[in-house]
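Chain naming follows the written order as A, B, C, D and E, and within any one chain the residues start at number 1.
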Amino acid sequence: IGSPDGGGGGGDDGGEMTETDSGGGDDGGEMTETDSGGGAEGPDGLVVIGYPESGIQLFRDYYSASDGNEEILVSDGLRDPAMPGQVGNDMANVTGTAPAAGGPSQEAFNELFQEEYDASPGVFTAQSYDSVAIQLLANAAAGENDGTAIRDQMRNVANPGGMEVTPDNLIAGIEAAANGEDVNYQGASSVTNFNEAGDPASAAYNIWEFNADDGSVENVEKQSFEGANPEGAGPSADSIPGGTDREMSVGILLPETGGLASVGGPMIQAAQLPAMQVNDANPAGLSVNAQLEDTQTSPSAGTAAAESLVSAGVPSVCGSASSGVNVPVSQQVFIPNEIVGCSPSSTALSVTNLDDNDYIFRTAPSDLLQGRVMAQVMANRLGADTVSVLHVNNDYGQQLAGRFVETFEGEVYHQVAFNKGASSYSSVISTALSPPDS
Amino acid sequence: MSDAAGAEDESAAPPTAPDAAGSDGLNLGSGGPGIGEEYPLQVEGLRKDFGGITAVDDASFRVERGTLTGLIGPNGAGKSTAFNLITGMLEPDAGTVTFDGEDITGLKPHAIANRGLVRTFQIARELQDMTVLENMMLAPKGQRGESLWRSVVPGVRGDVIDQESDLLDRVWEVLEFFDIDHLAEEYAGNLSGGQRKLLELARALLTDPDMLLLDEPFAGVNPSLEKRLLEHIHELREQGYTFLLVEHDMDLIMENCERVIVLHQGRVLTEGTPAEIQADEEVIEAYLGGNV
Amino acid sequence: MGIAETYTRGRQVAVARPGSVLLGLVVAVLLFDLGVGLATGDNSFSGVGSLMWDGLMRGLVIGLAGIGLSMTYSILNFANFAHGDYITAGAFSGWATSYLIAGFGRADVGALLLVGASGSVFGGTLGIGVTGTPLAVVAGAVVAGLSTVALTLFVDRTVFKPIRDESGITLLITSVGVAFALRYIIQFVFSSSVRGTTDQPPSVSLYFVDGFVRINAHDIALAVVAGGLMLGVHLLLQLTKLGKAMRAMADNEDLAQITGIPTEQVVRAVWVIGGGLTGVAGYMFVLWKGTLGFNDGWLLLLLIFAAVILGGIGSIYGAIVGGLAIGLTASMSVIWIPSAFSRAAAFFVMIVILLVKPEGIFSGRSTA
Amino acid sequence: MSTDDAADGGHAAVSQETVPDRESEALLEVRGLDAGYGDLQILTDVDLDVGDEEYVTIVGPNGAGKSTVMKSVFGLTNLMDGTVTFDDEDITGLRPEEIIREGIGYVPQNNNIFRSLTVRENLEMGAYILDTFPDEALEAVYDRFPILEERESQKAGTMSGGQQQMLAMGRALMLEPALLLLDEPSAGLAPDLVDEMFDRIDAINADGTAVLMVEQNAKEALRRCDRGYVLANGRNRYMDDGDALLNDEQVRQDFLGG
Amino acid sequence: MSVHNDIADRIPGGDAGLIVAVLLVTYAAYVLAGVGLGFTLRGQLNTIATLTFFIGVFAMLSLALNLHWGYTGLFNIGIVGFMAVGIYVMGLVSKPLYEAGGAAQVGGLGLPIVVGMIAGTVAAALLGLVVALPALRLRADYLAIVTIAMSEIVRFSFLSGEFQQFRLFGRRVGFGGGGGLILDYTDPLEVFLSFVGLWDAYLGFVDAFKLFIPNNPKPIIDGLVYGVVLLTFVAAYYWLLKRTGESPFGRVLKAIREDEDVANSLGKNTNRFKIKAFMLGCGLMGLAGVLWFMRSGAVTPNTFRPRITFFVWIALIIGGAGSNTGSILGGAVFAALLYQGPRTLKNLIEAVLPNATAPSGFGPAVAPLIAKLDPAPLLLYTLDSIRQLQLVFMGLVLIWLMHNRPEGMLGHRKETAAGIPLTAQRAREGQAATDGGGGGDDE
């Protein structure tokens, strides 16, 4: 996806929409302009980029200020099935996008997860699983708990060439890697091929809606993109040393508490799965020591947690979840300590641009694409010509909103940033619903 | 030296006699106050209203240099308020205050104090969590170490230290004189009511003032001590210091003051020598209640 | 506390204090700007009306919670930083009750008691609201008040009483400790997640010049409860000796003791009244905004401080008026400045007031 | 009665032995009092009596512990040892509000008014513990101190020092106590008022209220009182009739400024 | 009448000895914990570096706070705001010029790091001035509320889109808004060491370390060296503040704390003193902010929540307000015990206990306790929640301290505000020199 040097504009030709079905206009129409907080005309649609913690309050304030006539499009961060229950509204006018678990072995992962935890996997769980699985494969291939060695094996085990490994045969894959064989991990989230920047080389997005009746999220459509170099690209080691009978270390640095706690929980569960699999089977005498630390969705707590992973000597880490944490943690801890960081859900553009000596990977696609998907869904599927954009005031929100505004063809009335954790968003909502400034 | 204070020996040197060398004018009593106007303090048409109450009402008076002048008047006559106006704690509604020939009306309290017009409070206000010594060391003016950089920058600090040692010697002398030297390391907050008054007076003297405004300094002070304090005040007066003293003890006023100003309902009722005041019908009527 | 007295004093201040005049000027300019906006259509009347209504509601919460803070501030002579977490504690206890009553038999009791921790039950699903489950709401508010009283008394007995004679700052620092402990115990028990607590309340749209202002049932409930309680406190303090005893204590506690005022009893009365109001305020705040999180009270606290200082510490009316002023500022500031600054605007107003008139609008008995 | 103060020095011209036993009639009895602030002991073995309707003065140098005695009676210090009995009832360690109900009024040396309350409110506070407001008592106070009636609605803190002293006294009188503790009531008063204050105290005493007073205006106070104590260094030094103390050469020299 | 003899009793070096002892014990405890956790040498050194880092920053901050509160009685609870201004301004000044395509959305002025540090310090001091000019007239608790409100206003300002990006001297600069500011300048450590011409030597030293730490020893050594740099700064702070306090200047500050009117009536321009002290303290807080976050790669506004302010307060109170040595001790104890301790403890317990998974919430945790008196899940949950409970614990410590030791560990050692010791002994000497008279008995 989008070459990193493309800066802002590279996205348009970076991907190709392979499947388009933006006809679903059945709930899009009727733009009756009413009293939503103002006399003059407000926008047709709202784009909301944020997280559930503040999303609950935001949507409550929205529904008490408006009849719900606006078409609302939300991003992956708000894909929480509990939302309608928490908001006290069925949220029928809300549509969302999210990176899809579009990988070849998605089903296999789903079953695995269901079996272990008796719950269906949530957003970014597949990416979390993939992240840890690839790290373990790379660790096995490297034959030592060393960040640089693992870094050099990441593409070897993820990109094409060699034995195909899926969650089903992960054990076999690890054994093969430990024996110095080339493997090709085919992920649950995508084919997980890394490009030069360490980003996924292809991506898929779900378009989803809330189903208030049974408290779930329904995917109504999936769109897949392939980057310029779908097979992946970038440097990797020439040889695979491998090695058996050792303990592999991996860190998991995800939010158990804080703003992303609700998303973080299932992600952690998913991330622990590969380790469990290996420890159950002990392929080639390998075991895994998975160290869990909580970022508390906060940069400072995240950095501190990462430091303690460094002390514990992990060579690679699955994390961290949000870009606001991932960027400082990568810069301050991962890169200088030569530890591989592979985030399952940090999608901000800035991660691509980090001066990372190739230590930073991710299994979630860059927002370069999601912004474009959102713009298309808003214009075509929801049929809104005028929108206001509300985004959480951090890296993720800023950049995704920026991408949306860049590619959206209609008129953007307001672009409003809101802060996490405020006790009221009524003034934000009121600004967003107001007519454009003259 | 402290014993000298107790004795009726006029010739005894003041307890804080100027050090010959290195005094830098900080020494209490160093050369005495400069010779200037005959009346260092002049108050013209001073007025202060509090809501409906006019506490000081067109009061005019002046205090002669080198005298101990009494300011008397019934409770609520406006004496403390006048002090507050003179020392800048309150801003007058009208009138001027002149000190040493300069108009000081409306200046900030510290500026007025720095010109040598220093007051004590009617209700003693000690610095509770500082020791008596620290309280005293605070007072002298012109301390070099009060500038931040002098205290901090190496090299310059030596000066500061030297000055501190000189000050400390002087402080001890004054403490002994007031007979509170045994309390030197006590926190001021632990002093009794009378001890606090002593500390307050001692501290004010250390600022090397030209003129002192004393608001009932003896209320609550043991008579023996009161006597000694008065002697000391007289000594200082003879060196040229000027005192304005608020006091209700008429015997004290009559025996010690050269002049007396009588304030009544914010106005100057009369002014004169104690004898004149004592004979003044109006004063007797307004203040002395006939039992002179 | 006389209104007339306040009025004349206010007039004198205007003459004596050029700062206030300047402040008035700024306000006038802002109002003029608003007027121009309305005239040219940049601002709609109904839009401004909605913001104003929102601000009023917020102000009522702040004011109601502020009374307790103001009372303890003036009488116990310290700024209680745990007050915000009393609000949170009240809200959680009240909402646990509401959940339990509304959801009894429909969901796991544990989940209900933990107010649906980690998304196990939703208030919306249970249909909680003044119209939907009036009993649950009333019971919740009452329990919120009572349990906060219990909590404040407990904390006072164990934490504040032993150091009653210490300086206000010592108590303030101690209250920060209480705040930390309380907040994170709440988080420990109830989890850190924010939950929605109510069903969407029925609402009416009132026509206002050029559009509609929406008012919902929970707004009304808040207004009624807050107004009623404020009136109640007013009467209580006017008609009993308690009010005067409180002021005497605020002034000079040692002397109050010597005079025979049972100071500990008065302190307890203060916590009972203040704690009760605070708990109910917490409950109503959550009813009104519809979400509940362990940080709610703390986030509100600075605004409450702003309100109390604005109104004048120790003055009940000051707390109410200050609350409304801060609420309105926080909500209506978006008319002039970016919404990101609305909280900052409220603080700013407080700072300005402190500088112009440190003793607060109502010149409460400051206890310096 | 128990201490032998003669122990400290040979100048015990007046000793307690000369005083008739008044144990039976004592209204207030302080026995063997050790008290102080925190760990700091100020008073050592202090004994003190105030008989019914008696007028007793304590004098002594600054810091002698005079105010501390008063505070100790009122339960405001750290009582380490000893007993305080009032009206044959042990009141040691009671809370101030309980002591005031027993019928003791107290005017402290400093901070003795509610500065932010009005004059009238201050007086009302004086009668706080009563269920019905004592209008006559208020009248009586106003009669004694007309300035208080004039300034009824002024904030007490803005009154002059002397006015505040009157107010404090007035407040303590609101309950018409059986025993009045006065800590330097004449400090800061104008001479006419000093006399008047002493006259008032005489009158109050004559009306049947026992008075225990600390005074620096020692001569006047001793002249007027029935009995006087001299306190020094937190211990009893002398005790005798007021006039006797006044005429004692040693006492005059050491404590009354000659 | 007992006299506090603490000052007289003071043994020179006694406090320093105490600090060293506390540090040694702390480090020993951490090393032991590391052994328990099975850390390699690398892990051990990293732990020590991290610990030193936090000890350093908290000691610096509580020293600065001590100047405000311990000496001048200024109740500043806006510390974090000054820290934020310090590091943000430093970033603005020292970040390289904007280049399209980099991770950073905005650039800086590209000036040397040292200039940035000075600028950050000065900016924090100037913010102090802005707050001080009007606010110092206020009572202590009002000042508290003004400063905390100010720190929130600072945070909102850095969060806001308005200052996300702007032009300054023709450069595209900004504070990055909610996305934060990426600090993409050369590592300050490298700059320092290059400046003193030790960079190459340092690299050689690091290489030599490969003997002990085979893989990439540099970040670990960096951390250790930076820790030493911080401790040097702590020493400098201490020196500066000790001199400030033990001088007539400090004496006036103390007097202001006690009763400003008195100081005023003795001719001290208290406002000037207050403003100077406040600005100095704020500048030092700004510098501490710079040193804390300078090497962190990026800063976001939400890091600067009031919580950090309270951490510093707790540190100061543990050590004892009014005492500079106490401040350092408090910073160290806070960092080691309350700030870093719980995490280590948790890891230690987890390393000892078998791999039990904790329940996900309080409900599942207590249910077994109620149902079958099984406390294990609750204990596991408690352990798992140690980071929330850490704050509960801090709160309780604060309460305990205020009840039992309000003067802190060393606060009773009131440091005399004078350039020379003020003791009775000193007096006797002085007196002997003057007149040799005896004690002044009256008459």
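Methods note: contacts are C-beta pairs under 8 Å (C-beta built on N, C-alpha and C of every residue); 3 or more make two chains touch, one makes a residue touch a chain.
By chain, with names taken from UniProt: B = Probable branched-chain amino acid transport ATP-binding protein LivG; C, E = Branched-chain amino acid ABC transporter permease; D = ABC transporter ATP-binding protein.
Bear in mind that the values here come from a model prediction, so they are computed numbers and not experimental data.
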In the contact graph of chains, the distance from subunit A to subunit B in steps is 2
If chain centres are mean C-alpha positions, then the most distant from subunit D is chain A
Please tell me the distance, in whole Å, between the geometric centres of subunit B and subunit C computed from their C-alpha atoms.
50
Geometric centre distance via CA averages, subunit E-subunit C, whole Å:
33
Could you state the distance in Å from the CA-based centre of subunit A to that of subunit E?
36
Return the residues of subunit D touching two or more other chains; collapse runs of consecutive numbers into ranges.
40
For subunit B, which residues are shared contacts with two or more other chains?
190, 224-225
Contacts with two or more other chains, residues of subunit E listed in rising order
1, 156, 159-161, 360, 388, 443
List of subunit E residues in touch with subunit B within their complex
1, 3-5, 7-8, 240, 243-244, 247-252, 254-255, 257-259, 261-270, 273, 276, 280, 414, 416-420, 422-424, 426-427, 430-431, 433-435, 437, 439-440, 442-443
What residues of subunit D sit close enough to touch subunit C in their complex?
74, 76, 95-97, 100-101, 106, 108, 111-117, 121, 124-126, 128-129, 171, 175
Residue numbers on subunit D that touch subunit B, as the complex places them:
37, 40, 61-64, 67, 109-110, 147, 154, 158-163, 165-166, 184, 187-196, 216, 218, 254-258
Which bits of subunit A are touching subunit C when the two form their complex?
34-35, 37-40, 52-54, 56-57, 60-61, 63-65, 82, 84-89, 257-258, 261-262, 265, 393, 416-419, 421-424, 426-428, 430-431, 434, 437-438
Subunit C residues touching subunit E in their complex are 78-79, 110-111, 114, 117-118, 120, 159, 162-163, 166, 168-170, 172-174, 176-185, 187-192, 302, 305-306, 309, 338, 340-341, 343-344, 347-348, 350-351, 354-355, 358, 366, 368
